[in-house]
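A quick write-up on the structure given underneath.
A, B, C and D are the chain letters, set down in written order, and residue numbers restart from 1 in every chain.
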Amino acid sequence: MKLTLEFGGGLELLCESVKTHNVDVDQTGEKKLTMKDLLSWVRTNLIKERPEMFMKGDSVRPGVLVLVNDCDWELSGQLDTTLEDKDVVVFISTLHGG
Amino acid sequence: MKLTLEFGGGLELLCESVKTHNVDVDQTGEKKLTMKDLLSWVRTNLIKERPEMFMKGDSVRPGVLVLVNDCDWELSGQLDTTLEDKDVVVFISTLHGG
Amino acid sequence: DSNSGHGLSSDIIYRYSRHLLLPNFGVKGQSNLLKSSILVIGAGGLGSPALLYLAACGIGRLGIVDHDVVELNNLHRQIIHAEAYIGQSKVKSAAAACRAINSTIQIEEYKEAFRTSNALEIMSKYDIVVDATDNAPSRYMINDCCVVLGKPLISGAAVGLDGQLTIYNHNGGPCYRCLFPAPPPSTACQRCSDSGVLGVGKLLPNTNISSSFYFVYGVPGVIGCLQALEALKVASDVGEPLSGRMLLFDALSAKIRIVKLRGRSLHCEACGENAEFTPQVFQNFDYEKFTQTPLSTAPMKLKL
Amino acid sequence: DSNSGHGLSSDIIYRYSRHLLLPNFGVKGQSNLLKSSILVIGAGGLGSPALLYLAACGIGRLGIVDHDVVELNNLHRQIIHAEAYIGQSKVKSAAAACRAINSTIQIEEYKEAFRTSNALEIMSKYDIVVDATDNAPSRYMINDCCVVLGKPLISGAAVGLDGQLTIYNHNGGPCYRCLFPAPPPSTACQRCSDSGVLGVGKLLPNTNISSSFYFVYGVPGVIGCLQALEALKVASDVGEPLSGRMLLFDALSAKIRIVKLRGRSLHCEACGENAEFTPQVFQNFDYEKFTQTPLSTAPMKLKL
C-alpha cells in the first residue's frame, strides 16, 4: 500500500532530516493496515536514531500530533485507524519556542 | 478529461468569486486538448462577466500569468500546451498593491 | 471631537477608516475592538509583531507580561525594542513602542514573570490571551489559567523552520491539555535560545542556510502577524477563528497547511467533564516539575 | 571596541550572535550583510515590516524612498510610523524607527517620488532593490531601472486576499517585463487604496469578513517579512533566493504555493538580446502613459 509520510516540528531529524517519505507498506493477509501497524513499520524502517523521541509503548510519545489526511487521528480512532492507499500521514512535534 | 482550474489575484471575481473549479472538459475526436481549446472552454463555461478582463484575442489578457501544474505556461508551449487528465491550471492576475 | 450617533469620534473614524469601509465590520466591528482587551504574554520574537499590529488596529486595552530585560542580542529580530531600552524591561520598551503608534488605547505593563501566584489576577482582567512565550511549562500554565478563567487562548509557536498556530479553549474547541495531556520528554522541551526541538547540535548541520534564516526570524515574524489576526477575529466577533484547527507553517517547503483537531476531550484534566481544575489547584500546580523544564534559563553565551 | 582578526567589534558580535551561530553563515555571512546596501521603495504596508527586519538584521546601508506624508489613517497597519510623525514625511518617520532599533547602520532618506528623473542616480548607489510600492507604473519603472543598472529586484505585492513575491533580474532569471511585456488594462491597475484588483464594489460584498481582515493588514505583514528574508539571502550570498520562481500567498485558503517561472526572454524589451533600454531611453519613457495609470492619486475619503 502506497502512503505518504511526513515528519515535522523536529521529528524529521530522527529520519535523517528527510521530511517527506513516499513509502510502500506491505499488508499481511486480508487484514487492513492500521495506524498501530504503521507505527511499528515506521519505527523499524524509518527511525534511524533515538526511537524514544518518536514512540512510547506502542503509541507515539507525548507531544506528538498525528494527522491522517489532515485530520487529528483522535477523530478516526487513533491506533485503530485503518489506512487506505494514497493516505497522507503526518507526525508533528508540538513546538514551545517563540 | 478532468481538470482543476484555479483563479487568483482577483480573476475569481469573473467566475462568481469561486477560486477552484473541478471541471470535466470534453475532447472532440483524437486530438489532444490544448491550452487554446481550454481558454475558449473557460470563456464559454466559467467566465460570467467582463470577458475582456480575462482574454484578449485568443490568449489571456496582459497581466495574467498562466500556470500548468505549477509551471509558467511559457515553459510548456503557451497556447500549444497539451493537457493531460488531472492537470491543474492556474490563472492569476499580477498585483500592484502594497 | 464630535460624536454623531455611532459613538466614535471623528479622529477615531479617520484613523480606522480602512476598517470601517469593510462590509459586515464597519462601526460595529471597530467598536467591538475598541471595547475589547487582550493580554500578550511574552514580548520577544512572536510578541513583537503581534503587539505592534494589535496596537495599530485599535484593541481598546492591551496588557503585556514579560520579566526579561532588553539585551543587545535581542534586537536582530525582536523588532519592537529600540536600543534606548537596552537594560530596561521588555515590557516598558514594548509598551512605549505601542503607545507611540497608538496613544488612544490603554496599555498595561506587567514587568514580572507569569507565574501561578500572579496569573489568575492578571489574566482575569482581559478577554483574550495571546501566548507568545518560549517554553513548555509556560504553555501548560497559560492554558490551564485560560481554562480556569474561561478565556480564549491564541497560541503561536516557532522553532527552527516550523511554526504552529491555533486557538485553544474557544467555542467548544479543545484546550492545550486535550491535545497534549502528558508533557513531552524534557529533552524535547528546549527553549528557543537552544536552537531547535532536538538540540542545536543536531538541527544546524543538517539545515541549509536559506532555512537557517527563517530560523533566525522568518517564522516568528509570520506567526506573530497571524496571531494578531486571529486575536482580532475573536475580539471583533466576526470571521471564523482558527479554533479546533491548527495552522502548520513549514518554512523550508514554504507550505502552510490547516488541519482539523479533535474536539474538547471529556477526560481532559483541565477542561474535561470531571476535571477539578479549580483556581486553588492551579495555584498549587508545579509546572516546572510537571514538564521537568525550568520556566526560565540563563541565556546562551557565544565565544568567537 | 576591540577587533580580533575577524573584523567585527565585540558589540557587533554580541548584537548578531544568533546569526553568527549559524553554520555556513557565521562571521563571513554577517560581514556580507554589513557591507551590503539595500534600497526600499515605498514605506507603507509592505515597507513597514520589511524595513524593520532589514534594519534589525544589520544591512550596512539602507535607503528609503517615499514622497508621502504620514497620515492618521495609515497607522492602523503601517506599523513603522509613530503618531509623532503625522504630517511629516514617511521617509523621515521610517528612518527614525530604523535608527532607533539599530544605530550602527547607515540610513539614507529620499523624501521624493521615485521618478525617471531621479531613479538612476538614487538606485545606482545600492546593491539590491526592494519594490514595496502600490501601483503599476512604479512597478514597470523600478523594473526597468533595475535592468538598466543590473540590480536584483525583490518584488512584493499584496491586494485583497492575495500576495505575490519574487526576485526579478537576478542570476539569469526573468525581469518583470519578461513576464508582463504589455501592461494590463488600466481598470486592472487600481491602487491598493481602491480596494482590490477589480474595484471595491465587486470585491467586498463577495468577501467574508475573516478574509477582509487579511485585506486590511495580514497579507502585507506576511509578504513584507518575506521580502526582507529574500533580500537577506541575496545580500549575504547564501541560500537559494526566489529567482525564476514566484511565491503566491492565498490568505483565504491559507495556502502558499511556489511556482516555476519562465527564464529571461530573448525578446524582452528591457532585458532581451536586442533590447536597447539605455539610461537615455529609460529617462524618456512615460510610465503613466504606458500603463494609463497615474503614479499617485488622491486618497479616498470616507463619510459616515
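Here, a residue touches a chain if its C-beta (ideal position, glycine included) is under 8 Å from a C-beta of that chain, and two chains touch if they have at least 3 such contacts.
According to UniProt, the chain labels map to these proteins: A, B = Ubiquitin-related modifier 1 homolog.
The shown structure was predicted, so the numbers you read here are calculated from the model rather than taken from an experiment.
J.: If we define chain centres by averaging CA atoms, which chain lands farthest from chain C? Would you check?
T.: Most distant chain from chain C: B.
J.: As a quick test, compute the distance in whole Å between the mean CA positions of chain A and chain D.
T.: Between these chains, centre-to-centre, one finds 41 Å.
J.: Taking each chain's centre as the mean position of its Cα atoms, how many Å separate chain A from chain C?
T.: The mean C-alpha positions of chain A and chain C differ by 29 Å.
J.: Specify, in ascending order, the residues of chain D that touch 2 or more different other chains.
T.: 207, 258, in rising order.
J.: Counting only residues that touch at least two other chains, what does the list for chain A look like?
T.: none
J.: Chain contact graph: line, ring, star, complete or other?
T.: Line.
J.: Which pairs of chains touch each other in this structure?
T.: Those chain pairs which touch are A-C, B-D, C-D.
J.: Once bound in the complex, which stretches of chain B touch chain D?
T.: 8-11, 13-14, 17, 19, 52-53, 61-65, 67, 70-72, 74-75, 90, 92-98
J.: Mind pulling up the chain C residues that touch chain D in the complex?
T.: It is residues 4, 6, 8, 11, 13-25, 27, 29, 49, 52-53, 56-58, 72-73, 75-79, 81-84, 100-103, 195, 200, 204-205, 208-218, 221-222, 225-226, 229, 232-233, 238-241, 247, 254-256, 258, 302, 304 of chain C that touch chain D.
J.: Okay, in this complex, where on chain C does chain A touch?
T.: 42, 44-47, 131-136, 139, 156-160, 162-164, 179-185, 187-192, 196-198, 202-203, 206-207, 220, 246, 248, 250, 252-253, 257-262
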